[in-house]
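By written order: A, B, C, D and E. Residues from 1 in each chain.
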Amino acid sequence: ADKPPIKVGVLHSLSGTMAISETTLKDVMLMLIEEQNKKGGVLGRKLEPVVVDPASNWPLFAEKARELLAVHKVSAVFGCWTSVSRKSVLPVFEELNGLLFYPVQYEGEESSRNVFYTGAAPNQQAIPAVDYLIEEGIERWVLAGTDYVYPRTTNKILEAYLKAKGVQAADIMIDYTPFGHADWQSIVRDIKAFGSAGRKTAVVSTINGDANVPFYKELANQGVKATDIPVIAFSVGEEELAGIDTKPLVGHLAAWNYFQSVETPANAEFIKKWRAFTRNAKRVTNDPMEAHFIGFNMWVQAVEKAGTTDPDKVIDAMIGVSVPNLSGGYSAMLPNHHITKPVLIGEVQADGQFETVWRTRGLVAGDEWSDYLPDSKDLIADWRAPLSCGNFNSATGKCGGAK
Amino acid sequence: MKGGLILPRLDRAGLIFGAVALGLALLVPVLNLAVPPDSPFHVPPHVVALMGKYLCYALLALSVDLVWGYCGILSLGHGAFFALGGYAMGMYLMRQIGPRGMYGHAELPDFMVFLNWQELPWYWLGFDQFWFAALMVLLVPGLLAGLLGWLAFRSRVTGVYLSIITQAMTFALLLAFFRNDMGFGGNNGLTDFKDILGASIQADGTRSALFAATAVALALGFVLCRWIVRSKLGRVLVAIRDAESRTRFLGYRVERYKLFVFMISACMAGVAGALYVPQVGIINPGEFSPANSIEAVIWVAVGGRGTLVGPVIGAVLVNFGKTVLTGALPEVWLFALGGLFIAVTLFLPRGIVGLWMAYQHRRAERQEAATTTNPALSEG
Amino acid sequence: MSRTDPQHTQLYLDGVCVSFDGFRALNNLSLIIMPGEMRAIIGPNGAGKTTMMDVITGKTRPDAGAVLFDGDTDLTRLDEAGIANLGIGRKFQKPTVFESHTVWDNIDLALAGRRGPFATLFHRDGADDQRILEILDVIRLSGRRHVQAGSLSHGQKQWLEIGMLLAQEPKLLLVDEPVAGMTDAETAETARLLRDIAQTRSVVVVEHDMTFVRDLDVKVTVLHEGSVLSDGSLDHVSADPRVIEVYLGR
Amino acid sequence: MLNVEAINLHYGAAQALRGVSLRAEPGRVTCLMGRNGVGKSSTLRAIIGHRPVSGGSIFWEGADITKLSPDERARRGIAYVPQGREIFPLLSVKENLETGFAPLPRRQRTIPDEIFELFPVLKSMLARRGGDLSGGQQQQLAIGRALVTRPRLLLLDEPTEGIQPSIIKDIGRAIGWLRDRGDMAILLVEQYFEFARDLADLFAVMDRGEVVMGGEKADLVESEVRRFLTV
Amino acid sequence: MRMLLMLLSLLLAPMASADVPAPLIDALAADDYAAREEALTTLTQTGDPAIVPALKALAEGSLYRRLSDDKVFVGREVDDGVTLTDPLTGAVAGVQPQGAVERIRVNNRIRRAVQAALGALTLRSPEAATRLKAAESIFTNKETEALPVLEAALAAEQDDRVRMAMRQARAAILAAGDSDAQTKLAAIPLIAERGGRPALALLTPLATDADAVVAEAAAAAARRIENHLAWAAAAQNIIYGLSLGSVLLLAAIGLAVTFGVMGVINMAHGEMVMLGAYTTYVVQNLIRTSMPELFDWSLLIALPLAFLVAGGVGILIERGIIRWLYGRPLETLLATWGLSLVLQQAVRSLFGPTNMEVGNPSWMSGAFQVGEVTITHGRLWIFLFGLIVFAALMVLLKRTPLGLQMRAVTQNRSMARAMGIRTARVDALTFGLGSGIAGLAGVALSQIDNVSPNLGQGYIIDSFMIVIFGGVGNLWGTLVGALSLGIVNKLLEPLAGAVLGKILVLVGIILFIQARPRGLFALKGRAIEH
């Protein structure tokens, strides 16, 4: 009982532009840690959260990561949302041999020995979403995104994928907007125009964060209905919808690996605990929260398995660990440090929830190096000995660049 | 025998400052490298990195103060010069990665590879050479400042108008660098650096060397600024700050003076940025955000505008505060920081250094009052 | 008058017009100052005296007319600094000094010398101390030389500005109401000072103080509504009924 | 009746006034004289309240106003024509005059015709911005603006500065007229000796922050005064 | 007369009397979406208008299955469960607790099918407007199966407008199908007459028709429509520009007071806007929980409150902080920056970091069409509101004693005091006014943007840019600046894209200031040198 606690770092922005999304993840981590402590902690030691605020400032992320690892000597860090924050801390985790659990869907094209990617890779979100829409008879595509790496990469992949499926270039419209774009009048008009060519059109939205609310408000005002031009989003979850009156948006779609509305006992339990923890009977849950739930449980299991918090041992123990997810089934950690997840397509409901209208039969394995990008299709990551490589080129048989 | 009562004293403070900076440049690396980690005098590597970052900010603050404090040009876009210097250095560091990138491409940085770039854009050429990158660190911010300054000072854009167009400049650059099509890595910027001048960027020795280089750069910047402001040119600058048009009627070409310090200041900011990037490991468009430039101005105000020690103290103090508070009070630290800014304005109208100066000034005045019977006395 | 050849003149104004939103502040004004001449300019408030100085020093661009210096330099093409560097110095109607500089530095900045950034950057301090001390003596501010100019009284600022003008060593001095706010004795003193200066250079003085103008003992030009109403000796213009009507009063 | 009793005034550590005492009465003109920098303007600044005094008291109409704010003093009938004019540069001439309405009850909010009689140029330039006026015009506006408030104590700091001779005469006449009306106390700072002598009922001469001479006009010895005005 | 016609049309309706068997409806409760869709198809094939209520309920998500017997009802949620009514007869079937019924889920495919079915079914509705909508819907859906129903309806139709729409819809079906050249040729003018993008979408494939005459006619018609659309697009861009401009105007106009008039570099301006938006949220929240019927009034109630809240906070700020900084304008930057951090964090602590939901009242929702130009109600109101606020502020500043005092105080504070102006009060009121106006802007912005602690940050740079662009201290400049920047932005956006467009605008501002160093409506003359 007198054993020193195990410290767990929580590296999410509590202020600045990203606080809007990340604060919730900090709370979820505190809840998970509290729960675990109620169960007696890990290895008979209590868990102690170390919360810092990187303030949506990317260099500060690196500084705080270093502080967590070097000063607080945390055993694992749960954190980051944007890709740039992950990129910023990555060298720090590699240098100081720390563990980072990254819970957000992202563009892929990365695999680090020190990072575990519990959010979706493009093949676990974007590709199935497009498959669903093709099945629904969509022939024209608007790829609308915020102008940064995740949408750019995702859209590159989707464009290649759609073309491989026989879609003409003229039937794809790509549009990028700055972060926080607030005036969507022209773009929604253009979408309407593009969609009124007599063939069924959908919008694949990688629009990020703050820009979504004005985007959906404008869709509603200009009367773009899901029955005419459905919008499928990869960054709009229950939290985002909580800020919008969804009645005019019923039927628009999102692709995730988890919805709050999923009816599983584990999810019901999770929601109950979450609401109790936040003392708010209306608090919603979302996909990145589930990713942290999975990642945390995987880490706990791996530490128990390794019998130590020593990073090298835990990293090795992580692969193959399998824990229940909240959408039904077990998610497993793959050798490429990504996990298996079900993919769900949901339609927005009037109450701000999603209703699952489609889901993959089984779980989809996260693919870090996209098969649809010429330079990455030959790469694989496998962190098991003896390969132990994040970017093994199966064509040349060499482990490229990074150690 | 001129320059009022305060400057000579500040001078001494200035000398002390230079000595302290150079001392730090020596001492910190020694304490980091030569003192064993379990000794109480050991400076751990992350502290070296942190202090290096503060000193970069200090150099930026110094450059802001040179134009704002002494010439009345309130630049709300100095972060842009800082970031450009940073990008120049970042490009060099990217080129140093060579084929060690994820995709193993010999020339192209990873972000270009996965966005299907076929070849290195022309503006990346030459950045594999350190000397070229170092030149660009000075040239790019300097020339941009020259262009903007030439346009603005020539047509007599002053005051808030100038402030806001500098802000527009940094904001436009922010958006531009954001665009993936620009070829600077978009929002992610440039990261995952490996070597600088052949030394591993993560080695303790490199870190200490970078720190020492930053301290030296700060000391040099300080001496340069001091030389400028203490010369007659410095007095012309202050005259311009207080009564620009009157200065013109004395025959001074105000626009040349402004351009001169604006460009020097931009180069200093560029150097600060260049030293910053290898120490924090990333440069991305966020550095262009107007808020960053405003913060730099705020460091100056907190420390004491129109003094050279002030901005340095302000930058180090505010950023140290940020480091401590974001760790210790993650949920409420903004109250503390915001409160600090308000309190400084209200209670320390001339910043931290101003407080000390006011004390010196009062003492001097009391002495003077004691020796002269009547202040209104003029010789006649 | 406008027929006169500009050659050999110090300052040559011909047909100068300035209007502000339709209001004619200068109306076909012509005026000639010869080298080494001192001229007093009087005229009602709003006659355009200050505006004329604004035109000469490049602050205001005339709508029409010629403004020549030294017979051939067109002042309307130059900016303020360029004009100042030709050797035209000005004292403003409302005293304007560098408030956060000391009295000493104010004079120092005004001292004749090279005006470029590099010249000032490499300027050797202390070289001009003697000259500054002399000027401070003349304007009786030696005792306050280390005081910030901002804390001078109104009249002291007037003197400081005169001192700055002296330091500039211009060929042509434009002095706008130098004795406003001075005591009668100081007024007389100032008149003497200006007469001294005028030995070697040209001076244009604007004043409303008739005692002072009389002390100057030079040719007087009366402006009214932007053009010359009358000129000649003070006695001559004072007797002009139009001048009495619009300016001197009864 | 204004009674300034032994006031001191400091700028920072420098003392500008030392025990200055003065008097101004309705129907009479008190004239304050002295060389540059002796503290005349400082005295007026203390009376209107722009600078706090560091010692002594100021009484107006029997009440101690030493601690009152300037706007409260203005409400009690004190008007101020500062040295340097202090026109509101971006307000039109008319608006500049209308700022004088602030201390007046609503029905008195008109610009008295006398002002335009005294300064006809203001009438012709009502729409021009105050800052665009010539120096002398601004001075006239500053005096006119003070009169709009219908003051019972008028503080004038070198009001003739920059004004053409004919209007100086008019101002002299106007001050005389205001004095003769009997309800206004006038405190005039003036360097222009003859102008002052012609108007003054009471006088005070300052030197080095102190009143060195003062009293009824009858007691005024011109040569004595002039001694304090020479350099 | 109308009654008679209605009866007549009902009698004429071929299938109106057929009884719909209840099991057909109950089949809608099938297990998966595909089966439900199939059931829907069968149901609509009955063509009986009696199923309209059931279909509408299905699309709206208010069709329920009673678990006990798998029967389907229209349900309405009440406090203690769901009130069920029979979908065909409308007979009330009692209240069931939540657990005893299950909502029938629909997806977009079913919604679309319902919509198409309703289009055909409502062609005989007694309401002309409904029939018009049905015809329009057929025009866009072009379902060949609808042709017989449409023709029957057309035969009975009396209203000219509806007739026209029906003929166009018929033409659309014919043109899209594989009819002969003659039919197509006849259809083309009708389609062209309707105009707009859907018509263009029909004509474009026809332009490559095998029949040269048809192709020619279609191409000509398409060109005309395209031409027309290009003009409409230009007009639309201008309108978008004005609308964006009015948003910018609202955001900036408060700053035109605190910064433009008072000279305070007010970095907390955005936070005042944010306070206004949060006030709207609180008002709506109260209304939602206690007086839902007032929802449409929520914005009007929020306006004065937002003004008071933001204005009140502004006054507190002025009294607590700003007033110590007059004469040191640059330092207001530091203090207000600190303040904006504090206010953001305060709101974050109080309301949480996430977006708050602020709804649009009905009169702020939707859009109307002027030719090919769409104008959304919300934007129109915001535009008008911006102008009203501007005019009111103008009157206040230029026509009232308080306005005069505000300007006097900011131009020369100490002289204003000597004139008897209570500067303390005027300063507080001026800052309060600017902040209050920012609060009003917050109410408007809550309708189109995030209501989050970051709301203000998004507008602060643009606001400063506009005040500067228009010329500090000149309200007209702010108005013209905001509107013209809005328009330029929206004209550039389609050409250069949103990101590049914004960059170009910024560069444009930088260059513009070179030409006019004191903004669009620069004050000239001596006055400004003081």
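Note that in this section a residue touches a chain if its C-beta (ideal position, glycine included) is under 8 Å from a C-beta of that chain, and two chains touch if they have at least 3 such contacts.
None of these values were measured; they are calculated from a predicted model.
Participant: Give the chains in contact with both chain A and chain D, ordered by label.
Facilitator: Correct list: B, E.
Participant: Using the mean of all protein Cα atoms as the middle point, what chain has its own Cα mean nearest that point?
Facilitator: Centre-most chain by C-alpha means: B.
Participant: With chain centres defined as C-alpha means, what is the inter-centre distance between chain B and chain D in Å?
Facilitator: About 51 Å separates the centre of chain B from that of chain D.
Participant: What whole-Å value do you get for the distance between chain B and chain C if each is reduced to the mean of its CA atoms?
Facilitator: Using C-alpha averages as centres, the distance is 44 Å.
Participant: Quick check: how many Å separate the C-alpha centres of chain A and chain E?
Facilitator: 30
Participant: Just how far, in Å, is the C-alpha centre of chain C from the one of chain A?
Facilitator: Whole-Å distance between the two chain centres: 75.
Participant: Among the residues of chain B, which ones contact at least 2 other chains?
Facilitator: 175, 178-179, 245, 331, 334, 377-378, 380, in rising order.
Participant: What are the residue numbers in chain D that touch two or more other chains?
Facilitator: 11, 14, 35-37, 132, 231
Participant: Residues of chain C touching 2+ other chains?
Facilitator: In chain C, 20, 140, 156 touch at least two other chains.
Participant: Within their complex, state which residues of chain E touch chain B.
Facilitator: Residue positions touching the partner: 259, 265, 267, 321, 324-325, 328, 330-335, 337-342, 344-346, 349, 461, 464-465, 468, 472, 499-500, 502-503, 506-507, 509-511, 513-515, 517-519, 529.
Participant: Spell out the part of chain D that touches chain C in their complex, as residue ranges.
Facilitator: 11, 14, 35-37, 41, 83-84, 121, 128, 132-137, 139-140, 158, 161-170, 191-193, 226, 229-231
Participant: Chain E touches which residues of chain A in the complex?
Facilitator: Those in contact with chain E are residues 14-17, 19-20, 23-24, 136, 147, 175-178, 180-183, 185-187, 189-190, 192-193, 196-198, 210, 213-214, 217-218, 220-223, 226-227, 230, 239-240, 242-245, 248, 250-251, 253, 347, 349-350, 352, 355, 357.
Participant: How about chain D: which of its residues touch chain E in the complex?
Facilitator: Residue positions touching the partner: 48-50, 69-71, 74-75, 79-80, 82, 86-91, 95, 98-103, 129-132, 145, 149.
Participant: Would you mind writing out the residues of chain B in touch with chain D in their complex?
Facilitator: So the residues of chain B touching chain D come out as 362, 365-366, 368-369, 374-378, 380.
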